[in-house]
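The letters A, B, C and D name the chains in turn, as written, and every chain counts its residues from 1.
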Amino acid sequence: MPSERVIKVGILGATGTVGQRFIVLLSNNPRFEIHTLGASDRSAGRLYPHAANWKLSEKLPNNVTTLHVKRCVPEDFVGCDIIFSEKSFMEANFPVFSNAKNYRMYDTVPLVIPTANPEHFAVVGQQRKEFNLNRGFIITNSNCSVTGTAVVLKALQLSFGPIKKAMVTTMQAISGAGYPGVASLDIMDNVVPFIGGEEEKIEKELAKILGAVSSDNLTIQSDSQLVVSASCNRVPVIDGHTSSVSIEFASDEKPSIDQIKVCLSEYRTMAQQLGCHSAPEQAIIVFEEEDRPQPRLDRMKDNGMAVSIGRIRECPMLDFKFTILIHNTILGAAGASILNAEIAAETGLI
Amino acid sequence: MPSERVIKVGILGATGTVGQRFIVLLSNNPRFEIHTLGASDRSAGRLYPHAANWKLSEKLPNNVTTLHVKRCVPEDFVGCDIIFSEKSFMEANFPVFSNAKNYRMYDTVPLVIPTANPEHFAVVGQQRKEFNLNRGFIITNSNCSVTGTAVVLKALQLSFGPIKKAMVTTMQAISGAGYPGVASLDIMDNVVPFIGGEEEKIEKELAKILGAVSSDNLTIQSDSQLVVSASCNRVPVIDGHTSSVSIEFASDEKPSIDQIKVCLSEYRTMAQQLGCHSAPEQAIIVFEEEDRPQPRLDRMKDNGMAVSIGRIRECPMLDFKFTILIHNTILGAAGASILNAEIAAETGLI
Amino acid sequence: MPSERVIKVGILGATGTVGQRFIVLLSNNPRFEIHTLGASDRSAGRLYPHAANWKLSEKLPNNVTTLHVKRCVPEDFVGCDIIFSEKSFMEANFPVFSNAKNYRMYDTVPLVIPTANPEHFAVVGQQRKEFNLNRGFIITNSNCSVTGTAVVLKALQLSFGPIKKAMVTTMQAISGAGYPGVASLDIMDNVVPFIGGEEEKIEKELAKILGAVSSDNLTIQSDSQLVVSASCNRVPVIDGHTSSVSIEFASDEKPSIDQIKVCLSEYRTMAQQLGCHSAPEQAIIVFEEEDRPQPRLDRMKDNGMAVSIGRIRECPMLDFKFTILIHNTILGAAGASILNAEIAAETGLI
Amino acid sequence: MPSERVIKVGILGATGTVGQRFIVLLSNNPRFEIHTLGASDRSAGRLYPHAANWKLSEKLPNNVTTLHVKRCVPEDFVGCDIIFSEKSFMEANFPVFSNAKNYRMYDTVPLVIPTANPEHFAVVGQQRKEFNLNRGFIITNSNCSVTGTAVVLKALQLSFGPIKKAMVTTMQAISGAGYPGVASLDIMDNVVPFIGGEEEKIEKELAKILGAVSSDNLTIQSDSQLVVSASCNRVPVIDGHTSSVSIEFASDEKPSIDQIKVCLSEYRTMAQQLGCHSAPEQAIIVFEEEDRPQPRLDRMKDNGMAVSIGRIRECPMLDFKFTILIHNTILGAAGASILNAEIAAETGLI
């Protein structure tokens, strides 16, 4: 695809929390232009500002104030080059970038965090064959709670070989539950030590993201050596998932803490090499302060597209432990889909 | 000591957060009577209600409204049978129950959580010999962040043998930092992934609490097999420390989840057998709900003296994982000191 | 009614936030015994602990753990002496004490805050005539946001004559909206300057509560001279409505600030004179500290049944201004209904 | 002064909360360049990033990372064209723009909110005469709690004549108290109904800002007809002061609500006419939604330099009431000083 053509975008679930974030993130994108917004039948036909209960502190971008919401059916999205989020649009031959959980673990569906494993796009050819498509496909991004850990572990894996064990305890923001989501009576002055299905997602998705594409590009093989144990908690934080993580490398030759810091700081990804608009300046930001990263101070680093890490230290039980932070509705959701699409555009998939 | 005699109590640091909690907890105690309140030289000489910036929602008990604050020197505490908290009062031959960190790791100083290891009182005789005391001694209680895990692990250890590994990630309340403590700008809409010295305390104190008194009652031997890795976080919660914990038993014969639940629910401790006033009805409360315990809802269980545990499940890496909650200024501080003193009184140490 | 008979209570909406509060407040009541709990058809037939999503930090009282929830129809409440909350039970000849808004402004329905205007019960005779009842009636209590101001203004009115103007700005707790109520994304780090219908309720209900029963006991006449202006805000507080209030007396002879403090501190009400179990020790607690009352510290004063007031000072525009605090789900809801019922029982209405 | 010259800026108190905000706001300013940063003697001599405990979520701007902090004495600020904040720099002949309270009420010191009353700069000539200065002067900006109300009332006054009465109840953010400022134990799940000195400041400063410069430009005359009554509360909000305000016009001819909305929406100020870099696009933004403005959603409108107003409605007691919101550390502090300085630069005062 000629790199200069404007790409027309359709967004499903456009009135929800993640949909609103998509709209803000795309408002200044030089390459992507919002063409169609879809939502529930109840919203269809109404002007977007009337249909959406706008909950972001960022202003509603001008370019959507005059758009009418459409139904989420392929015939209402004719003219869109790509579709953001879920459903049966792939089968209607649209390129789909999905933040939904449904297809993530399917063998020929890439589960891609753009600053971790975009090489998994390689199975799209096989996927098209299976579904008999020439233009459409589906690329998913991961659950927000796994995103930060996946990027860090991928960077470490590239430099120091496979990870054998990862113990992950999350402290997740309320915006991860959408709107209205978490009741204030449930979370003020409180911690909720359970988020349905989340621990299982971390344990499975992490293995797939750190896995490899088979040499014939036919399938993605999850990392079967990796043992992951996750404990997920909701805390009274608006945006930003923080995790305490301990890991063990498979190899007996362990890197030093300084080597780890250098590896993470210097980590460069395909998204940056391609010069994608939404790529973070640094995929991983390493903090030296003993009490960072913190969600309120650090979640917007590099426009919410960077992973922040700090407190890298030895673990008395495994090899190393540290604190990881990401912005759950940007790199953890809408931002990942958008950067995946930018990579796909730059590499000719669209 | 005849079990009916009223025991006169002196409280050091009486105007601080933990001191205030002591006063509330002792207000209805049938055995202990507040005799002297000590605080900084700045406060000494003033009426307690004027000297203290009362920060608890419980009413200031009537019995202290007319007390004048004293200096924290032994001569101002003549007539007290026991002293709560820290310092050189032990050397002045007072029985001291200390919530301060200073002496906790000393070999002949019991580090006791009353519902975990009161049998460690056995080294008090040796301690008196060393310091040449007939009546005085010092018994410490643990850091608030280790309390819940220690009680649970002690109960498991008694039934299923030694624990080999424990991975502990805490989400700690702001009241643990005293007053003024944590600035609101640091914690609102935020997580602070660092509490100075706390992780080291968990790693060391847990081993001592789970350790054994030598057969000659001369010293306490920390559990040298136990590997503990702790990650401590401050979250926007007023009272109640929540921890995500994973453990591995030393033995190859693992209990079932049901056996663990029965063991914890049926755990009875010396404090209860002695009928101590401040003993919880149940030392450990096991929750079956998938999203409990939660600090706001469960921290006051059994007047803040119980440990709550829930989400007991298998861990993909170690053996089991679960969520533990305690009230950090009651069982985690003032309440532990008081119940330690009640046990000491009932067993003739005072 | 012989003052010793136990009174059997039915509670409608028993699984909701206010219903849960009723159950806790009645758990130790010497006179009232919970007989029947009603809720939606979805809950009917289930054991109460299974039907209710218990959200209070107080333990679920033992006496309701074995009760099955009934439908909210009169035939399911046979045997109840009184009914708490709403609906058509009055027409079925039950004494009803309602926290719902529906009948509050009806001329022969008392709108009573028990520590403000229980003398309004006098119109119950006329109400029974109108509805052709011998035993049933309905007595309502006010919206939670008006409660504190009404009690204070009633006490002032009794001593210093009519109030001419009241400007009320509220800062209301999230529990006032029930469960799930306010979404956490709407209130964390935020103020919502609007609560639907609330300002109108304050303006109308205050005038009725401060009004008089006609000399023939046929009707309640709202205070038509009183001008009230209310602005209602929701703030991130769990329990406790705080209000900044300015008032002007009708009379040109103004009391001094000291006279106001004495008047409020010494205010005694029928509920106390009758020795009702749920009556506060002091109906109004006057604070001298410059930064009190505060919801977290003071909402539970006298078991949540007292009104707290502080910062009584001159107003540059009207006569005086001050800060008022009440517990919105206790004195502001369930507690008011219960104390109304106790007064009714003691005065022979039941 | 030629409008193209870069103006060198010195900032006092540069490590504090407001100082940090100055640095962020000036980082992209085309006209002003940070030349010298001053702080306490303890910080002097250190690199700024080491001396400051950076608490903003915005990144520390590159241009200050290599600056060393100076002492706050005039001789360390040689070369600066203007000084931001307080003290004796005016007497050393520097133009000073001060956010401190000390000189605000002095007759020949302008107390200026840049989008309200920049015409008060007219007394600077007389001030220079009094202090025998040729280049220096001091211009102050108001307390953050009065800013929003002052801008709105000034706009209304210009269109509809004098305001006679204003009743102001504030709900103020924690960042207004600086760092560490409010203890988290004091404000979580709480409202503090007192902020020392704040109510008096609102009552006095509002009258001065709405006052007039005498026709000979010798002094500023406070509006002596205006009666203001303020009640100040601290609420658990990070940034953004919200106020419930009721007002009465002096004239008997009242505008309609629609006229008020048009007046406020169309309000244009000198800062905008001069094309100042930091001027808001709209000085006052009028909301039609019934539950806006809200601090979390609206405080950053026009980069924190706009005043937001909503819920404009009739007041049963005075004429009209509404909700006002401003960003307390931007338009309420650092932003006001900067925009004052820009106006001064454009109008030749510097």
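FYI, a contact is a pair of C-beta atoms (placed from the backbone, for glycine too) under 8 Å apart; a residue touches a chain by one contact, two chains touch by 3 or more.
These figures come from a predicted structure and were not determined experimentally.
The chains in contact with chain C as well as with chain D are A, B. Residues touching across the chain B-chain D interface largely coincide between the two copies, over half of the numbers being common to both. Comparing the chain pairs A-D and A-B, the larger number of C-beta pairs in contact belongs to A-B.
Chain centres here are C-alpha means, and the one lying farthest from chain A is C. Distance from the chain A centre to the chain D centre is 40 Å, each centre being the mean of its Cα atoms.
Centroid to centroid, with C-alpha atoms defining each point, chain B and chain D lie 49 Å apart. Chain A and chain B have centres, each the mean of its CA atoms, that are 42 Å apart.
With touch defined as above, residues shared between interfaces to two or more other chains in chain D number as follows: 55, 188-189, 236, 238, 296-297.
Viewed as a contact network, the protein chains are fully connected, with every chain touching every other. Interface residues of chain B, counted against chain D in their complex, comprise 17, 55, 174-175, 179-189, 236, 238. Of all residues in chain D, those touching chain A in their complex are 55-57, 59, 188-189, 238, 296-301. On the chain C side of its complex with chain D, the touching residues are 165, 167, 169, 171, 188-194, 203, 227-229, 231, 233, 235-238, 242, 244, 246, 290-297, 310-311, 315-318, 321, 323.
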